[in-house]
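Each chain gets a letter, A, B, C and D, in the order it is written, and its residues are counted from 1.
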Amino acid sequence: MLKLLYFAMLREDLGIGAEELALPAGVTTVAGLRAHLVARGGAWASTLAGGKALRVAVNQEMAGPATAVGPGDEVAFFPPVTGG
Amino acid sequence: MLKLLYFAMLREDLGIGAEELALPAGVTTVAGLRAHLVARGGAWASTLAGGKALRVAVNQEMAGPATAVGPGDEVAFFPPVTGG
Amino acid sequence: MPTIRVQTEDFDAGAEIAQIRAGNPRVGAVASFVGTCRDTNDGDAVAAMTLEHYPGMTEKALAQIVDEAIARWRVLDVTVVHRVGELKPGDQIVLVVVSGAHRGEAFAACEFLMDYLKTRAPFWKKEQTPAGARWVEARASDDEAAARWVAGTKDAA
Amino acid sequence: MPTIRVQTEDFDAGAEIAQIRAGNPRVGAVASFVGTCRDTNDGDAVAAMTLEHYPGMTEKALAQIVDEAIARWRVLDVTVVHRVGELKPGDQIVLVVVSGAHRGEAFAACEFLMDYLKTRAPFWKKEQTPAGARWVEARASDDEAAARWVAGTKDAA
């Protein structure tokens, strides 16, 4: 299983803050996971589509498209940060 | 008359913190005044001689050797500052 | 030992400055920064804001940024406090305090911490304006400020 | 209105930071610096120090430096407090607080103020060490720090 988290505008646009997901067949990276979620269509496609400025963390560390994703990982999607 | 002030190490080396001085004949600048004081000899010569890192203020504004000095002025001699 | 806190409560900058100095006579310099909630942003009135964060990752990200600052400059100690939740104009948002023997390192580390925190720590601001609520957009100027430290243009500081 | 004070009494950094923010919702950033008396200098133990100044000129020089900072960066307000008299290790010596809309200007003005104060305001430190009393010598590094602002290498900050 994967633990997926969504923050800030993404959480609002997707209407969900967290979910558990069985690791989809063939998904081994952040890019693969994102493509899987975009394939859900609707808000998922428009919110997570390529070209949107979004950030991904795997196990609470900033990640890139090629970062590996595997069973038990916590993967978070969120907009560029605006604290401070 | 001039009001002369000496601070910090200069005050200690000269053994005086302040004095009133009739404007010496021919003295029109900081450099001239300094030369006049050096001519007193002893600690005056060794403390105010050229080559020593010292600062001069005329009427509480930082001054250079060419700054004009005239009757009623307050002239202060002191080492480079070390506050903060 | 660095102090890092993420909290809804307000903080006392004076107490944190006193704390970082307490009992350490090697401290000669304490640089600090307080970020506060303004009543306008991008030309619009802001009545209130909500600060959301990513519990767990936030603390980890702040700890990494603080470790980086301590490794890069020879500072003695660092305190970072960042608030989350509902804030009003005039409220304090973030505090960074850095102690060192000399001022150059303390100033540089303090500014570095703020620049990195602004681009790397998972916090998001949502503002209440007369036109409704909106998420604050990340600023290119913040990315540029953070990039200065990579380019090394501030290393002489 | 800038606040400039030269005093023998201690100061409260937290109170000054709170004061400069009070009632001004345009403030988004407060950068501050506290300089403290260390227990060593140039390798020698320092048991105490005396800070001498030039009454009258000190206030005037500080006011000029503050005016320069306000003119150069768009900061909202400045507070400078400098102590004189007898100080012990751990005692606070100087406080500079700068408020602004954004952090870049506040940090730059605060560091500029400290660098200029260190080379232009008529204060002198005399230290008590095991080998006797000595006047602190001006540091070339302080002149260099002040010169950076003339060269303009920090203008981008």
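By definition in this document, contacts are C-beta pairs under 8 Å (C-beta built on N, C-alpha and C of every residue); 3 or more make two chains touch, one makes a residue touch a chain.
A quick note: this is a predicted structure, and the numbers were derived from the prediction, not measured.
Engineer: Which chains sit in contact with both members of the pair subunit A and subunit D?
Structural biologist: C
Engineer: Measuring centre to centre with C-alpha atoms, which chain is farthest from subunit D?
Structural biologist: That would be chain A.
Engineer: From the C-alpha centre of subunit A to that of subunit B, how far is it in Å?
Structural biologist: That gives a centre separation of 73 Å.
Engineer: Taking the mean of the C-alpha atoms as each chain's centre, how many Å separate subunit A from subunit C?
Structural biologist: 27
Engineer: Approximately how many whole Å separate the CA-defined centres of subunit B and subunit C?
Structural biologist: About 48 Å separates the centre of subunit B from that of subunit C.
Engineer: Could you pull out the residues of subunit C that touch at least 2 other chains?
Structural biologist: In subunit C, residues 35, 114 touch at least two other chains, as defined above.
Engineer: Touching at least two other chains at once: which residues of subunit B meet that condition?
Structural biologist: none
Engineer: Which chains touch, pair by pair?
Structural biologist: Between chains, contact exists in these pairs: A-C, B-D, C-D.
Engineer: In the complex, go through subunit C and note every residue touching subunit D.
Structural biologist: Residues 12-15, 17-18, 21, 25-40, 89-90, 101, 103-104, 106-107, 110-111, 114, 145, 148, 153-154, 156-157 of subunit C touch subunit D in their complex.
Engineer: Sort out for me which residues of subunit D touch subunit B in the complex.
Structural biologist: By the definition above, subunit D touches subunit B via 35, 51-54, 56-57, 60-61, 82, 93-94, 114, 117-126, 135-138.
Engineer: Which residues of subunit A touch subunit C once you look at their complex with the stated criterion?
Structural biologist: Interface residues on subunit A, with respect to subunit C: 5, 7-9, 53, 57, 60-62, 76, 78-84.
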